[in-house]
Amino acid sequence: MPDVLAKNLPYLLSGAVMTLWLSLAVVSLSTALGFIIGTLGAVGGRTTRAFVTAYIFILRGIPVLVVMFLGYYAFPAFGYRANAYVAVGAAQIVYAGAFVAEIVRSAILSVPAGQIAAARGLGMPRAKILMHVVFPQAVRLAIPPLLNTSLTTIKQTSYASVVGAWELTYAAREVVERTLAAFQIFLGVMAIYFCICYPLSALSRWCEGRFVVAH
Amino acid sequence: MRAATRMDYAAQVTSFLLGQMPKLLAGFAVTLTVAVAAIPLALAFGMLLLAPRLSGRGLIRGAVQAYIEVMRGTPLLLQIYLIYFGLPLIGLFPSEFTCGVVGIALQHGAFLCELYRGAIESVSQRQWEAGRAIGMTRLAVFRYAILPQALMKVLGPLGNQLIVLIKDTSLVSAIGVMELTLTGKMVIERSAASFEIFVAVALFYLIVTAAVGAGFRLAEQRYAGRL
Amino acid sequence: MIEVVQLTKSFGELRVLDGISFGVDKAEVVVVLGPSGSGKSTLLRCVSFLEPYDGGEIRIDGELVGYRMSGRGQRVPRSEAENARHRQQVGMVFQSFNLFPHKTALENVMMGPLHARGQTKAEALEIGLSLLAKVDLSDKANEYPIRLSGGQQQRVAIARALAMRPKVMLFDEVTSALDPELVGEVLIVIRELAREGMTMIIVTHEIPFARDVADRIIFMDKGLIVEEGAPGQVLMAPASQRLQLFLRRYQGDYLAT
């Protein structure tokens, strides 16, 4: 392994650990948030659905970096002294949550109406239809795009470095600005990201092949 | 806040934002320039990758596939850093703008290639048969039967990908290109401004992405009726 | 005009054509009957060379289809251009119509003359209009396939195949995907073609139509020709048990095994 990379590897790897923590937190919380909002957007009342549509539309139309900056500067503006991770993390959760919400909403709405009709014909109450007929199929439909979104979210944790939060990309840039070994360090860090992301990417591709739901 | 203070606050913010408008517009112009430069490059690069991806010999096809996987698995920011910090080491000194545009085009080109491939493969095999059955060569079938249909089918995903590209232009702020996001950050740091600036910044982006989205949806609808 | 000699074809382990031999004279109409999986579709696709075949020969007007004999007497695949030219002479109509959805009915018919034969737009237009008139769809010339009924789409498909002025027309169960009330309009067109002297091989399930239009009927099962003969003889007095069974099912005894 190239010498500068080898010497700084421990530092970079601790950055990678931070990236992993961030990713874990953001992906899990945004998925949870998105599921709730997405479901509301599919089965809620007219005002609820309108709000959800607006939320999704707005957040999907602006860059995640801008949302991160908003979070970073909004907290102190409202009098809270949050650290960079909380501010940026919360922002990313809200952002990614919009994408998850859209996926969940459209998955729920794509469950064939015939199935719901059949369940009603059997006399199932609405809540049970949701739980036993709609959700299982919606989840199956949602998994491939959700895997893709999680992949994107993990990569986007690197943008936190632009706002000032320390993680792998921030660490990489620090090292390069100190040592000027751009190729070694950045390629090495790309390899680290690739190791983190490739399993997810491969899984997502495999799922796209497999989870074609037969109607 | 009481009603009066709320109105004062609103008036304050609005007049401040209006005062900053020239700077924001300048940044917005740079954002658009980056996008307008990167989009054709990305579209063309994706096209370039397509032939080897679909039918090249094993080694070339493997190389393209590997490239696409790497683009899928690493953040764009790193790739931009690699170009910006790395090229000077080998004697090339492109501007920040160029580095950003090239970085964006290299990544999005890979994604666009997959998009094109998906669209072509989604055209039914039977269309190939129909064309060959009336005596068209494979090339003719592709050109007159498959490609037009693929183009109609690619509009939706293409629109989405281009919106992502436009949003990704915000990343070039990290290497000092004075586009909209960096402008917002500068305004906050140089004046006593607060996060409202970024609300204005967000609005600018929203206008562009909404317009592009609407445009593509209109185009999609025109052909949706046939396919 | 068409000579098929000991034709064999396998898909992997599955032997789909097991030594088929028959001939078709010019202006003759041959109807091929048989249960699904008997190889009828594959046979047509081999004649059109949409599928290569493994053994035996298919000749049209003496020329070997899909292959040529090399100097050393070995069989060598023909080039794509040669095969394309061959397919111009063999018109094929499919069960699922396969119209080009992004083109109007007229444009569909014009596709072959324009892009396979390289004729001018004016020539192609004239051919297109006259053929659409022939299949009674002049008023739908500028409609897209999605707005046409199944029967109308199939008639456009027939016109599209005819636009290449083929020597022979192949019909692969062209009414099987149609609603019953739309079947007649397609059969009328086919019968008219037969009356005009077009050489045809028709794969169909429409037995009364077969009796009406065929000069000869071939019954296939499991990749072999089981019976062959004049319609009256084959359909009224089937010799083989398999054909008897097949006919019983199609004549209403749907539980026959």
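Order of writing sets the chain letters: A, B and C. Residues in each chain are counted from 1.
Rule of thumb we're sticking to: a contact is a pair of C-beta atoms (placed from the backbone, for glycine too) under 8 Å apart; a residue touches a chain by one contact, two chains touch by 3 or more.
Keep in mind that this is a model prediction, so the values were computed, not measured.
Undergrad: Hop across touching chains from chain A and tell me the fewest hops that reach chain B.
TA: The distance in steps between these two chains is 1.
Undergrad: For which chain is the distance between its Cα centroid and the global protein Cα centroid smallest?
TA: Chain B is the most central one.
Undergrad: Farthest chain from chain B, comparing Cα centres?
TA: It is C.
Undergrad: Just the number, please: Cα centre separation of chain A and chain B in whole Å.
TA: Centre-to-centre distance between chain A and chain B: 19 Å.
Undergrad: For chain A and chain C, let me know how many angstrom lie between their CA-based centres, rounded off.
TA: Result: the chain centres lie 54 Å from each other.
Undergrad: Taking the mean of the C-alpha atoms as each chain's centre, how many Å separate chain B from chain C?
TA: Averaging C-alpha atoms per chain gives centres 48 Å apart.
Undergrad: Quick one: which residues in chain C touch 2 or more of the other chains?
TA: Expected reply: no residues.
Undergrad: Counting only residues that touch at least 2 other chains, which ones in chain A make the list?
TA: none
Undergrad: Spell out the part of chain B that touches chain C in their complex, as residue ranges.
TA: 126-127, 129-138, 140, 143-145, 148-149, 152, 223, 225-227
Undergrad: Under the definition above, what is the set of chain C residues touching chain B in their complex?
TA: Where chain C meets chain B, its residues are 48, 50, 80-81, 84-89, 91-92, 94, 96, 98-102, 111-112, 115-117, 144-146, 160-161, 163-164.
Undergrad: Given the complex with chain B, which residues does chain A contribute to the contact?
TA: These residues of chain A touch chain B: 57-58, 60-67, 69-70, 73-74, 77, 151, 155-156, 158-159, 161-162, 169, 172-173, 176, 180, 182-183, 186-187, 189-190, 193-194, 197-198, 201.
Undergrad: Can you check the complex and tell me which residues of chain B touch chain A?
TA: That would be residues 69-70, 72-79, 81-82, 85-86, 89, 163, 167-171, 173-174, 181, 184-185, 188, 194-195, 198-199, 201-202, 205-206, 209-210, 213 of chain B.
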